[in-house]
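Data block below; observations after.
Letters A, B, C and D name the chains as they come in the text, with residue numbers starting at 1 for each one.
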Amino acid sequence: MKEIINLPVKNVEEEEYHINMGPQHPSTHGVLRLVVSLQGEIVKNLKPHCGYIHRGIEKMCEKDTYPQIIHLTDRMDYLSAHINNHAVCLLVEKALEVEVPERVKYIRTIVDELNRIASHQLWWCSFGMDMGGLTCFFYGLRDREKILDIFEESFGSRLLHSYYTPGGLMMDIHPDFQKNVKAFIKYFRKKIKDYDDLLTGNVIMQLRTKGVGILSKEDAISYGVTGPSGRASGFSCDVRKHHPYGVYDKADFKEILGTTGDTFERYMMRMHEMHESMKIIEQLIDNIPAGDYTAKMKAVLKLPAGEYFQRVEAARGELGVYVVSDGNKSPYRMKFRSPNFSNLSVLDHISRGCKIADLVAIGGSLDYVIPDIDR
Amino acid sequence: MNFSIYDFTSFTQWIDKFLYDNLPAFWAVVVEMTIIGIVVLLFYALVGLFLVYAERKVCAFMQNRVGPNRVGPYGFFQTIADLFKLLMKELVYIKNADKLLFNIAPFIVIIASFMAIAAIPFAKGLHAIDFDIGILYVIAVSSMGVVGILLAGWSSNNKYSLIGAMRSGAQIVSYELSVGLSLVTIIILAGTMQFSAIVEGQANGWFIFKGHIPAFIAFIVFLIASTAETNRGPFDLAEAESELTAGFHTEYSGIKFAFFFLAEYMNMFIVASIAATVFLGGWMPFHVGGWAGFNHIMDFIPPFIWYIGKTFFVIWVMMWFKWTFPRLRIDQLLTLEWKYLLPINLVNILIMAFIVLMGWHF
Amino acid sequence: MDNAVLKERILGLVPDAEYQENKQFLTFIIPPAKMHELAFKLKSESDLAFDYLFCLTGVDMVKFLEVVYHLESTTHQHQLELKVRTDDRVNGAVDTVCDIWRTAEFHEREIFDLLGIRFTNHPDLRRLFLEEDWIGHPLRKDYVDEVNIVEL
Amino acid sequence: MNSFFTYFTDIFHAVKSLLTGMKVTGRYFFSPWEIVTQQYPENRKTLKMYDRFKGEVIMPHNDRNEHRCTGCGICETACPNGSIEILQAKIDMPDGKKKRIIDQHIYHLGMCTFCGLCIKACPSDALAWGQQFEHAVFDRSKLTKILNQPGSSIIKDIVE
């Protein structure tokens, strides 16, 4: 009898078990593996395991010349390929002290914003799908297709463009570019109402996202969560405002800051940002000055020895490029401070104590792109 | 025999009489059951295949797509091709799974929906059994399916499956209440639980119109609750492909997966039939009081068409739900049932009882 | 706070910090032992308030390994670059700053993984991208891998 | 009492928001002319890619089977992935000198990232983008192409 009484009483309520979300899981948007400790449906903690798509881009850059690096940055955050390229181009231009023509600056800014809208559209698709509303996926892709068509007409490809080169652009924009962009803005202003009707206003979606995964402003800054996710917490981190590049200083747009920092706020930030991007494009599209599409560049680009840093606002947050040059035609060390990498690190912190369904919603609202995390 | 497409009673009675005249009683029953079995099986397979096709087409049109269009005209034979694919697929056996329960589970799910179909009247005189407690029987039998889902989730030895099965259990147990109570509202109005009598009671007007607002509320509640009971979106928490990959049927493959798949669509068909029978007048045509000519034209359409049309309308509404709404979370799902649907339902029954008591219904 | 004042302020905090000429940022090389203390002061003192670590990276300079911190203050909008160097290529270690800036946790794991710089007091110093049994640190200049690195 | 009313207003707003969503999908269900999908293999005949579409790298030849490639190898060095290999040959010129010309311009389509650096770098405009995009083959070796056609020669007016 004694032994039975002395048996340790195992509290079933407190028992934890682990599941592997990923590497092949529908809601991790790629090959990310999250080891989630669960108690029933409640997430106790999670550990991200990265590296399933690590290609060593930073190492590859050490062998490539600066124009060649462009095609690698395309493949980091493939949804905002232009913006990644912009960072490298700006860095090289800054190091070489090259002044690019105004036309190039205008085109780059417009294309960046188009790319941002396309990226947010895809985020909206996948967020809707994470929430279980599969129809969102098709509406978002339908409208993204219009942007990709514009891209294809001008740059020849739909996803990975390699359009910017250090010093300018690969080729001039297509003669129909301005007309098509204006047509797209008119079209998308109509269609974005569908987005609001279908998902934003939906009571199920609001119930599932409001008050879920709250990230305070202090934590957002400390974790380095930037982009729409950071701004939802009230962290003013828009590089376009604080360290303007391109012609963002000539455009009139608002940096919208959230207050609550929950999943719904992160959702709303991106919806607002699509409107702001359209505003920027509308202001610039008619004012593209005539001129050359590239500055005069040397055949072989050699950055003076030293170190350079360039920050741009990618669709998911702040992208930093850090280069240590030893005066050769390829960088000595190239580091990409990718927004998704920092945004992922906060996932464990904000998803503790929520349910599996919430974890999926939070992951969707942080909008991570795995190749950008792994690089 | 005078056979007509408006009344199958004489037809079924003729078969019955023919069998009993020519065979001993025992064999007559056996042959009769076999015929019914084969007919139900065929019907089941046809409706299942058609519903899969319909779902794919409906969701495609809602999503600005064309949907399946490769096999046959407008892709009509796509599901048949899929069926052959599923039949030929390897059945994967899971290590450390409870083999017996793992294999039984899909059958339990599919048998539950088979049994429910027996009591549903497709047209006048066209039903396998006409119980006097038909509604009770259908509710009882259709809720057996959850046992299969629970077993499937548990025996798969997969954590995703287990979470899915547990969610499904909690969900079906609670939504069963709302389904039952919303039907009780109509039972009060109809005064019977026999399907044929319920349909006959709607000869002079469907219950959804006869019962004023309470009947309409009961219809809405029934639609929501039955969508939840069939594990369909926005209540598809048991599968929840973005959270649990495929939920309780993660580990199933080939024809066993097809059983779950088919059962889901048949359950949808069954609840839609019940909704059509109880609320929308079953095989009764649509009549407007005073419009004799219009009513005559409506009478001309065979009852079977009326029944199928109404059922498919309800199914279409359920598909519309699925392809519009995001998924609920498990706690919100239970909140919806216990804090909204159940109290509304109870008040609704009281009002309905009061209306019937005072004789205010049509 | 402009760079000249900031320079005096940093030198006041760490007198043996070495100022380095840099066009873009105010740059200091900090002795490894003083880094954590300085980091804590940079974050907590209200006139500095460097609360945002926007980049943390490691560089293999062959002679030494270097950890580079890029800091920004979200209140005062001033920026700072700090460098910490270690000569030891095998056991070179730097104090972690992930208790001060949480984002450093992942970045330090990445640096440990790819450059092999250890961070003392780090809560979870494991390889981040590569497998646990990977030999070597790929971003080092002396890393050789004849299988995976294709020379063109 | 207040919470009693919010209970009902909540239900009202919830139902309203759900109906707004259903209106969107319902509208698209009944407007099949808004379908956006392309019927790909069927529309092959009418499918026209944009002029600048980057399908593959080609070397345009004129009708006398002449191309503009001098075999200088700049594209080979410009390519970040090593997807271009130039094999040179030496021929004897009439004046007794030896001249390097292109023997084979090998293009590994499977390694190409379509960055366009080779086309940009080419000093004699010998390379261009092709419109072909159906690259699927059963054997990887078929993706290695020789861009200069057999028996082709360089256009006379190109000077190195």
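Basically, a residue touches a chain if its C-beta (ideal position, glycine included) is under 8 Å from a C-beta of that chain, and two chains touch if they have at least 3 such contacts.
Being a predicted model, the structure only gives us computed values, none of them experimental.
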{"item": "Identity of the chain that, by mean CA position, is farthest from chain C", "value": "B"}
{"item": "Per-chain CA centroid nearest to the all-protein CA mean", "value": "A"}
{"item": "CA centroid of chain A to CA centroid of chain B, Å", "value": "45"}
{"item": "Centre-to-centre distance between chain C and chain B (centres being mean Cα positions), rounded to whole Å", "value": "64"}
{"item": "Approximate Å spacing (C-alpha centroids) for the pair chain C, chain D", "value": "41"}
{"item": "Distance between the centres, which are taken as Cα means, of chain C and chain A, whole angstrom", "value": "24"}
{"item": "Residues of chain A touching at least two other chains", "value": "135, 142, 198-199, 202, 204"}
{"item": "Junction residues of chain D - those touching two or more other chains", "value": "18, 21, 24-25, 36"}
{"item": "Residues within chain C bordering two or more other chains", "value": "152"}
{"item": "Touching residues (chain side chain C, partner chain A) in the complex", "value": "22-25, 51-55, 57, 59-60, 68, 70, 74, 77, 81, 101-103, 105-107, 110, 114, 128-131, 138-139, 149, 152"}
{"item": "Chain C partner contacts - residues on chain A that touch it in the complex", "value": "50-51, 54, 56, 58-59, 63, 218-219, 221-224, 235-237, 242, 306-309, 311, 318, 320, 322, 324, 332-333, 335, 337, 341-342, 344-346, 349, 374"}
{"item": "Contact footprint of chain B on chain A as seen in their complex", "value": "17, 19, 25-27, 41, 128-135, 137-139, 142, 198-199, 202, 204-205, 207-208, 355-358, 360"}
{"item": "Footprint of chain D on chain B - complex, ascending", "value": "58, 61-66, 69, 320-321, 323-325, 340"}
{"item": "In the complex, chain D residues that touch chain B", "value": "11, 18, 21-22, 24-26, 28-29, 32, 34-37, 39"}
